[in-house]
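Each of the next two complexes has chain A plus one more chain, namely chain B in the first and chain C in the second.
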Partner chain A sequence: MRDTASAIPQGELGKPEFEKQGFSAALLHFLAANPALIILAVLMVAGTVLSPVFLTTQNLLNILWTVSVLGIVALGQTILLITGNFDMSVAYVVGLAGITAVIAQLWGAGLVASILLGLLAGALVGLLNGVIIVLTKANAFLITLGTSILVYSLNLILTQSKTWYASVDSFLLLGRGKLFDTIHYSVIIFLVLGLLLQFILRQTIFGRSLYIIGSNQRAGELSGIRINRIKLATYVFCGTTAALAGLIMTARTGSTVANAGVGMDFDSLIAAVLGGTSLFGGRGGTLRTIVGVLILGVLNNLLVLLNVPYEAQQIAKGLVFLSVVWMDGLLQKR
Partner chain B sequence: MQDTPLLEMRSVSKVFPGVRALNQVSIALQPGEVRALVGENGAGKSTLIKILSGVYQPSEGEIFLDGRLTEMRDPAHALKLGIIPVHQEVNLEPYLSIAENIYIGRQPRNRFHLIDYPRMNTDAARWLAELGVVTEPSLPLGMVSIAERQMVAIARAVSLDARVVIFDEPTSSLTQRETERLFSVVRRLKEKNIAVIYISHRLEEIFRICDTLTVMRDGALVTTKAITGVNTDDVIRLMIGRDLKDLYQKTATPIGRPVLAVKKLSVQGILKDISFILHSGEIVGISGLVGAGRTELARAIFGDLPYQVGEIWVDGKLLRATCPDDCIDAGIGLIPEDRKDEGLVLGLPVANNISMTILGKLTRWGVIRGRKEMAVAEEFVHRLAIKTPSVKQQVQYLSGGNQQRVVIAKWLVTNPKVLLVDEPTRGIDVGAKSEIYALLNQLAGQGVAILMISSELPEILAMSDRILVMYQGRIQAELPGKTASEETIMRFATGQAA
Partner chain C sequence: MWAKTRHFVLRQNVVILLLLLVVFFSLTIGSLFLNGQNIHNVARQISFDIPLALALTIVLIAGGIDLSVGSVLSMAAALTMGLQPYGSWFSVTVALLFGAGVGLVNGLLVTKGRIVPFIATLGTMTVVRGIMLTYTRQQPIAGSDAAFTFWGAGSLGPIPVPILIVLALALLVHLLLTYTSLGRNFYAIGGNNEAAFLAGIDVLRNKVLAFVLSGLLAAVSGVLIASRLNSSTVHIGLDSGLWAIAAAIIGGASLTGGKGSALGAVFGVITLGVLVNGMNLLGVHTYYQIGIRAIILITVVAIDALSAMNLRKKQMMQAYGARE
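Moving on, here comes the complex of A and B:
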């Protein structure tokens, strides 16, 4: 009997098992599978060499603090990307959550109630996205772009195009508070959420279903995965994480801005893809996204430290994005 | 007719990983010859056509055009050489006009280098008239009937200076009158010394318009004959006659209680009034031509195709399913026709593919118990003798036969009462095939009721306790497996008997 699998030499079959190899070989293999880590390391070294300020605890904590809001949005986006979907409405959901919480506070809501209402607002937008996508089966990218315009208008209506200030003081701790007076709560939320999601992705039915949907939705459906249910859940989840990010952002400034999260739609995509989550679905994880977010943060920090003009910063960001999409395309073809 | 043939294939073979789709086929076509190409599904007809039209490159062998060694580099190149396929699903642009479709990619230009519509329309009308077709060439193609579209495709072929025109099931969606017009067009092509390759399941058509007949089976050439002197029965016998008895080892299993009952199932335009009962331990074969509704029947039973009329009962309980998940819970499994697109997630490991259907049973508080998942996968890899270096291996690196075993394993773990099997041995080697048959037999022996859809008649005949023959969405006949013959199945499947 001819059998193509047995004809292939064993070495070419899949990933080599780490146990059978030396530590250095395993490390090499690990790095080859995670090019984002190499990019991050190179940036860190470059930063250390080029700027004396870069490798200080204060600066590193500062980077983390800066990226944590975008990072939380990107974690939600990653969940969707793994299923091969997108959410372009996250940017204005960031604004909506803060606005909802602040207005709720003005109406007398306490800390917990206002936070829950803010999260609920994000979840509802996610639900709306999910329902439209499940019902129409139309392009998720465009639909969420459409809802994002609606959410922006809602933000303008709710704020009456004015700035409102948070009236519950403890709310501000969410954005400004630090654990042991060193590390911001938002940074901890970002990192813990990333770890937790990674566990959910890798170890639960829900997580496994996401990868199956992203790789071969049809096979998943025929194996008993309820695709629509999971799609709804992912959109609700992504909306909620965007809302969480929005609450943190609002708690930092203490005031509402209708377009608070502007640009985070694409930035969250860039971060996720930069970390190694595929735009085509089926590949990726939230730990990777943390790395992706850090790359963006370090790059930005470095450009600012080196006094690179804003225009050049944008050029760098554009180039990073293009190279990432190009790399993702290459990996997909392989 | 002893001149240099217009087109000649010499010992052409095509090998895909794990399958020899075409084996040493030699064919010669004279100018003005109308050649029928017949064979069962999977006999290698499409592969041959795809090689001629530049879609595939032959693995071995040579092709000569006008006696010169020629290579069809790609479809565009084949068109340029005058080899023009007119497909089953005519691939034209519905939003462009008829004339634009005929001249697509080579529209005449005026002196401003813009498309010269008046000239294009007059020229197009001339080509259509030459085929005896009167249609306004400026109409959008989408507005005319399928038959007209086919004529447009043929007009395009002729205007492209066709040497060989290939028809693949051209009459499958035509009315009687439209078919007659197609025949007269074929005759005109013949008068213009164009060679025609004509593929059809409708044998009576072949006798009407073809000069010669080539029969293929299992990727090899059976014979080429003049059409005079053979009759329908001869052709059917040539198409299916083979000696593969030892391939199938049907084990007799006691037939048990009824497990699946389908009652008056209808899906608008696809399935009509289907009723049958499947017993435990029984293998029921579903035969029929492509498009007869076989796969759709399986999908309807599996909750993947909503039906308007009818009931499905599993184990004495009415099945109210809105999605495959409900059917899996009821004890049904589906091994789909297309293993790569519907059966497997190629980028995931063997273990994850096997566990896909029972994730709910492998978890504690929603967390997948990795060890248990691995253990289940190991067990079934062992039981089905799946050749893989490890259960962590991605399925895409397995051979076709082993991939199919992974699909079977993924359903065995659910411990199904009913297994719907669609083309279980498509695209896998003969040796691997017989192991799949052994597996199916073994399952039936354990009391699973199996519904097996197959286009391969010997497979249907050897494996089935009963055979349901489908034709145009209906069950045309129910035959006992022991006494049915390939000839009778073919008669019912082609609608020649009712």
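Moving on, here comes the complex of A and C:
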């Protein structure tokens, strides 16, 4: 036994080989584990070469501001993906939250009350998703597609297909306000939420149990994790983050329509997967999703700067999604 | 005797459901619902949904799912109209080949690429929709061959032509599923992938074929719709995929695979068609209809999952019983 142990190459202080070799080797190892960072770097370089306005503070802040709404949705989606679940209803929940808040304001609700009601609407849809999926163990994908359409019909009924405007002025700060006149609050919310969630995922028992549920539900069950309760909680959380994103989106334009946020279901999946979160549970993190969201944002920015038509962007998105999922599958097999 | 009857009734729940719907609508809106013109309309309407439900039934039987059918439908319709200046038969052939091609890609992604079916077809759904938007530049395309509208809009006596076409199609699928080795293989693979492989069935090839058939049938639906409207728009096929899944499951297919029939799919589509028609006649607002559709989809998927869970429990109980 002792022979085999000493046969493993060890550094001076008993550290693994790559750590002994110093900073550059450690960096290489880190990048190999996070290919998304390389993609992001390549895109940044390409942007700098292709367009003189790309690498300006203004443009970079703009990109961050543009992606932060989708980013917040993707953070919630990531938490669900880690447990091996999906939420395709987020797109219309984004709309529902804004509509609820705006209508509440028309009925005389103040800033805080309207925001809380908006968040509550998202949480309730999340709860509905969670309850159905926990009780029936049905395909999460199809169920949430179903609730997605249900929420859409609710949005249509509430708005009657009209545009509705926010009537509380301070509400608009949520979308347009800037800290120190430079960074939008929504960007700060997105980044802080991402960091906070990463901490919870990595450093708390609750966070660790999400990974266990995603990689081996039966094992989690046997080790005493309350699977159903946690699943419910993650669905409610995902609905709430989608609602938060919806409130920010509404506060930006000051108005909302029934299909605000359409397409964010698929985009949030792409962002999470691009960052390196698996669609099959057990692997990923919210820091990775921040990188994934940034990749999407930079890519979109580049495509706009290069005048690529919207229709072709759709094709590109689908192809990127398929290739990333395919590679994810290859990694899993290994 | 009672057990046998009960078993039969439970198995034919789609027929019961349909009868209940017909009775309900006959009692509430009577002559508006049960007249020749309305039945003619319903028959024409559902004929565009039947190929999709057949497509989903085949894929579900083989243990997969195909979310891309709606996109394929809209692109097939766009090709049928867009290439019509080169001849209707040519454009239809290209449209059908396109559908089969997407099916082939789906099949390869699922088998060779090892991507789970609903993720793979979600990807192709987006790509094909992007291709359709690029091809049409988001503009409607009008047809140029008036004779071609016969297939979707024409009637033979009181019977719409498209319903005859899709019923013939359903018969073909029925024969395929019940009397050919290909059809039996689909059931075997969907029922138990491992066992089918060990029994010597070429699982990969048969799965790919199931997806090809699905794409082809979706394209047929697109061609018929194009013929009916004599144009194609970007709005068609947006939620038809989900609706077809619901119809297939109502007709006896299951997300767990290995179950379903062509006849069931047809009944599933008729049931949903009658329901939509009844809601229209009752004057239910579109917004509420969308919600009702969603609730139906959720209910159908949930019931399917519950019955699969019950079956597993029963099998486990039997296994324990046998051991004791």
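FYI, the second predicted complex is superposed on the first by the 313 of 334 C-alpha atoms of A that agree within 3 Å, B and C clash if a C-alpha of one lies under 4 Å from a C-alpha of the other, contacts with A are read in each partner's own complex, and residues count from 1 in each chain.
What we mean here is this: a contact is a pair of C-beta atoms (placed from the backbone, for glycine too) under 8 Å apart; a residue touches a chain by one contact, two chains touch by 3 or more.
As the structure is a prediction and not an experimental result, all values here were calculated from the model.
Of the two partner chains placed by the overlay, neither chain B nor chain C lies in contact with A:G22. With both structures placed on the common chain, the touch criterion links A:I225 to chain B but leaves chain C unconnected. Contacts of A:L154 after superposition on the shared chain: chain C is touched, whereas chain B is not.
Of the two partner chains, neither chain B nor chain C is touched by A:P52.
By the touch criterion defined above, A:A138 reaches chain C but does not reach chain B.
When both complexes are overlaid on chain A, the residue A:G318 reaches chain C alone and has no touch with chain B.
Contacts of A:F266 after superposition on the shared chain: chain C is touched, whereas chain B is not. Within the complex, the chain A residues that touch chain C are 132, 135-139, 141-143, 145-150, 152-154, 156-157, 266, 279-280, 309-319, 321-322, 325-326, 329, 333. Contacts from chain B toward chain A in the complex involve residues 17-18, 302, 304, 323-325, 328-329, 334, 336, 341-348, 352, 356-357, 359-360, 363, 366-368, 370, 387-390, 392-394, 397-402, 410, 429, 431-432. Chain C meets chain A in the complex at residues 109, 113-116, 118-120, 122-131, 133-134, 137-138, 239, 242, 245, 255, 286-291, 293-295, 297-298, 301-302, 304-306, 309. Here chain A touches chain B in the complex through residues 1-6, 8, 10, 13-15, 17, 203-206, 208-209, 211-212, 215-216, 218-226, 282-283, going by the rule given at the top.
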